Amino acid sequence: MTTTQAPAATARRRRTPRTWVKNGGLTALAFALPMILIFTVFSWGPIVRSVVMSFQKTNLLQPAEFVGFDNFIAVLNDPLLGTAVLNTLYFAALALVMGFPIPILMAVLMSEVRRGKGIYSALAYLPVVVPPVVAVLLWKVFYDASPNGVLNTVLGWVGIGPQPWLQSQAQAMPSLVIEATWAAAGGSIIIYLAALLAVPPELYDAAEVDGASIWRKAWHVTLPQLRGVIFVMLILQILATAQIFLEPFLFTGGGPVNSTTTVLLLIYRYAFQNSLGGNYGMATALSVMLAIFLALLSWIYFRLTARWSTS
Amino acid sequence: MTTETTTPAAQRAGSAALAGGVDTRRSRPLRWRKRRGPMIEDSRGIVSETDLRQPRVRRGMRVVHVFLSVTLVLAGLGPLLWLAKAAVTPTQDTLREPFALWPNGIDWANLSTAWNDIHIDQYFFNTVVIALGAWVFQMLIATTGAYTLSVLKPRYHRVLGSLVLATLFIPSVVLLVPLYLTVVSPPFLGRDYSLLNNYLAVWLPMAANAFNILLVKRFFDNLPREVIEAAQTDGAGPFRLFWSIILPMSKPILGVVSVFAVIAAWKDFLWPLLVLPDPAVQPLSVRLPAVQSQTELDVFLAALAIATIIPVVMFLLFQRVFLRSAGLGGAVKG
Amino acid sequence: MSIGRRTAAVGATLAASAMLVTACSSDGDPDTTPTSGGSAEAASGTIELRVATFPPGADEAAYEAFATQEAQFEEANPDIDVIGVEYEWTGPTFAVQLAGGSLPDVFTVPFTDSKTLLENGQLMDVTAEVDALGYSDRFNPIILDGVTDADGNIFGFPRQAYAMGLHYNRDLFEAAGLDPDNPPATWDEVREAAKAIADTTGKAGYSQMAINNTGGWQLTAQTVSRGGRTQVDNGDGTYTSSISNAGTKATLEFLHDVKWEDNAFGAKVDLDWGTINQEFAAGNLGMFTSGSDVYTALVRDFGMDPDQYGLTVMPLEGDDPGTLGGGDIAVVSPTVDESTKAAAVKWIDWYYMQKLMNEDAAKADAQALADSGQAVGTPVLPVLSRELYDESQQWIAEFVNVPQEQMTPFTENIWDQTPVGEPKGKTQEIYALLDPVVQAVLTDESADIDALLTQADQDAQALLDQ
């Protein structure tokens, strides 16, 4: 420590603009500048501004005024907030139940087949390539609630009557999750598949020497090897579902009866849906609250991935 | 995972998902290598060759094959095939018998109507422009930024690096409103220089992507220092080093970042919706929902089909890009 | 769905209903960007005037009609270069477009929002111009009141009004054994007809908008037609919510019965102004209520077969029933300079006003619309006097291309109905609040209507007291 610090200290003492340029300071700055500028204007600045704005009342036209915690209080008093939080949790929970085990199962099966991994992966990944907006609009057609609707026709083949899908308070959210799962499962499958194919074959060989059955190998070799990636995917899924917006926005606009109004949709409404000027204060206040929660999650995620990638 | 490509934050989460899988693997500089995973047909899994000799297991594997084929074709290909069919089917046929194959003939005119009347061509072009610009800016910032942080290392690089990394923890939902107001009225410039309806409003915020910088920086960190030192001894200045040594050695990771950048820009919805209110400059993702209620179903489905075809074709190209980068990366690493 | 569609539904309605006359886009060639076209030729000395045009997705022919009119105007005013900008009144983006300078110089806003905009100082004062044109005492005073502030300053040109009507599909009526020339006159008859249509054709007999504020809008309209009012204007700038009234309750019970007792509502309970038009135009819907002038959009933007179209007045019942009306005003962006403002007023006068009062202008306008296959003769309400309106209908009689005989149940009876304006206090916010009430009745067979109304009433009052 002391040995490295000493020269640095002398260097600092002798530093002049001339030596700074000579030592490449200017070139380094030239390379750093685009990043610094972009991040200042489009990342750091807005982050700070968001926090400031959450304590302000502003409508773009009149100068902003500080209102203390009024925005936070207004948000917390909004009867829709509870609905939105519960809906978001419901979406997250449904997405976990439907969307989490399926890709793992599919990936495990796909990693076992001797032929066709490539074609299976391509098929699985295809929905991910469809632009999300197109996917939602297409599924909106599928969810046609009339007896001749696409999905209702399919249900009819197996003797199930027509379902209301998006037209029902009870079914709207599950419908959103089904589409979201369809649209995203492929990406997860590919990630799990990659993790599975990276499991060292020696581990299986060793287990076989001990006479392990297929099930025992799956339980004692495969799953432990996947633990890390499963956990990461879990956190990422929670992060993504907490910010779910596209599906409720395009499928239902938050209805029926606010049964699909999510937190992000509420933020959007505060900011952009009021007909004559947004309530940016309330929007940023809710954003800040959500962000603190999510930042905590991403911090956990980062700590864990950092640990895994260094261990 | 749910697809969330609506906000810059969500994109970050999305790409982070890909990286997440990657991060857990140890071969740090070559995380894209995983992409090759699915193509490896000879690696072994739970079921061994010995297991396969049991008839019970072989039957099981056949069941697995059937299950995978049926499920993946139905779920992965099914909806797209239906879309392809419906795109050239008259509205009433689609409404009455969604699964009948052209009971009243094929209506090819849907496609041209969609292309000409909904102006898919123009919005497609806009989408391409947005994706290309986003790619240029993201590459520029990611490579110069990573070069600063990994190679040049000015004395403030630690602070800078932490500040950039810190933004990874800030979900971009928090940016939505202030970033929007920044675009409406850029700092120091004011409303007269509003970036609304200007593609810069999409490109520049996308370039502030810490994830890309992290990805490229880690790759740079793992480049052989001897090569860099040798170049410096040969008198290569920082610009030459960057352009002629570092970048050519980094093609694999640049390919990965490119793919992320283009896909993210292609999929983005909420942000362009907000900052590009003028329909003439909007991308497909924003336009398609906007015209839905004024468009007859068959034409609308044709428009959806056209909007889908392009990324699907590109997907095939992406696969090759990934393969090639994997190959190149293996060589560098080797 | 665009933000616009998703939001100020009423706004969208009006903007689109405004279509009859608003017909305007840039150079009529949507292939070029709306803002490009004429601007290229803008020599020094000419004023570039950006004017509002159609909402997204409008028909090619609409642009042709606009191009013709644009050329006529530019010929008469060589110093003004008109640039059409695709436009739709989308509440949410208004403040931002205003701040960001992307708003057209001339655009239209619905009556319901003009008061608020005016109070926020978001509209240009055009008192002097209205006076100079001599319109001040020609407007229907009730309508002019909506664009006048406390000091008597005028902030816009009322240019079109509509009344709510019941639109029905004649083919479905016939298929169900109903007489299309004798449409339902009471809500009970509407219910019976809806059931007959649903039972015989399997299509939706009657539907109603329920999302993006249109649910609240239509609930209010039907409340009024049953003698109820959702809001009381105290006359001192304060308002009292009266959502929990017999008319609103009867409306919700009607919806409940059509949906759950008769099974005649159809499967879609998430329709708004655009999507209900789409359903109706596609022949999937027997009846719905909307502005009387929606025919134009139905045929032009949604491809409806004119032969199927029928229009009658809203059935009235209860004490003091009326027909909810609305309309929009042409306004000038508050940020333009003096010369642009003068050009803007010229355009408004030429494009929106003259055809209402000047025979030649009316004919030229009708001709331009008719030549490009646009609807001429869709029923609207006069913003000037009724006499002038009737007279103007004579002028353009030869160009009328809408099936007016299929609209006689409306045109012959509308004058007997009492026009009622939309609630003034927090109009859009309260419409938004009422959407879930409508949705609740349509998605929950055992929804407690009284409880819903009590809650909505409280929430609305809380909004009004803010």
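Per-chain numbering from 1; labels A, B and C assigned in written order.
Just so we're on the same page, a residue touches a chain if its C-beta (ideal position, glycine included) is under 8 Å from a C-beta of that chain, and two chains touch if they have at least 3 such contacts.
Computed from a predicted model, the values in this text were never measured in an experiment.
Trainee: Measuring between Cα centroids, which chain is at the maximum distance from chain B?
Mentor: C
Trainee: What are the two chains with the top count of C-beta contact pairs?
Mentor: Looking at every pair of chains, the most contacts join A-B.
Trainee: Measure off the straight-line distance from the CA centroid of chain A to the CA centroid of chain B, and report it in whole Å.
Mentor: Centre separation, chain A to chain B: 14 Å.
Trainee: Could you give the separation in Å between the centres of chain B and chain C, each centre being the mean of its C-alpha atoms?
Mentor: A distance of 41 Å separates the two centres.
Trainee: Two or more other chains in contact with one residue: find those residues in chain A.
Mentor: Answer for chain A, listing residues that touch two or more other chains: 60, 144, 146, 149, 249-250, 272, 278.
Trainee: Residues of chain C that contact two or more other chains, please.
Mentor: 1, 3, 93, 96, 99
Trainee: So which bits of chain B are touching at least two other chains?
Mentor: 95, 180, 184, 286, 289, 292, 297
Trainee: Which positions of chain C touch chain B when the two form their complex?
Mentor: Chain C residues touching chain B: 1-5, 30-31, 33-36, 55-58, 60, 85-86, 93, 96-97, 99-102, 272, 274-275, 277-278, 282, 284, 301-303.
Trainee: In the complex formed with chain C, which residues of chain B make contact?
Mentor: Per the stated touch rule, the residues are 91, 95, 117-119, 122, 180, 184-185, 191-192, 194, 196-197, 273, 277-281, 286-287, 289-297.
Trainee: Write out the stretch or stretches of chain C touching chain A in their complex.
Mentor: Residue list for chain C touching chain A: 1, 3, 6-8, 11, 91-96, 98-99, 113, 116-117, 120-122, 210-212, 266-270, 428-429, 435-436, 439-440, 442-444, 459.
Trainee: Of all residues in chain A, which touch chain C in the complex?
Mentor: 59-61, 79, 144-146, 149, 162, 164, 166-169, 249-250, 252-253, 255-258, 272-278
Trainee: For chain B, which residues count as touching chain A in their complex?
Mentor: Listed in rising order, the residues of chain B that touch chain A are 1-7, 9-10, 13-14, 16-18, 20-26, 28, 34-35, 37-41, 43-48, 50-51, 57, 61, 64-65, 67-69, 71-73, 75-77, 79-80, 82-83, 86, 95-99, 137, 140-141, 144-145, 147-148, 152-154, 160, 163-164, 167-171, 173-182, 184, 186-187, 204-205, 207-208, 210, 213, 237-239, 242, 266-267, 269-270, 274, 284-286, 288-289, 292, 297, 300-301, 304, 307-308, 311-312, 314-315, 319.
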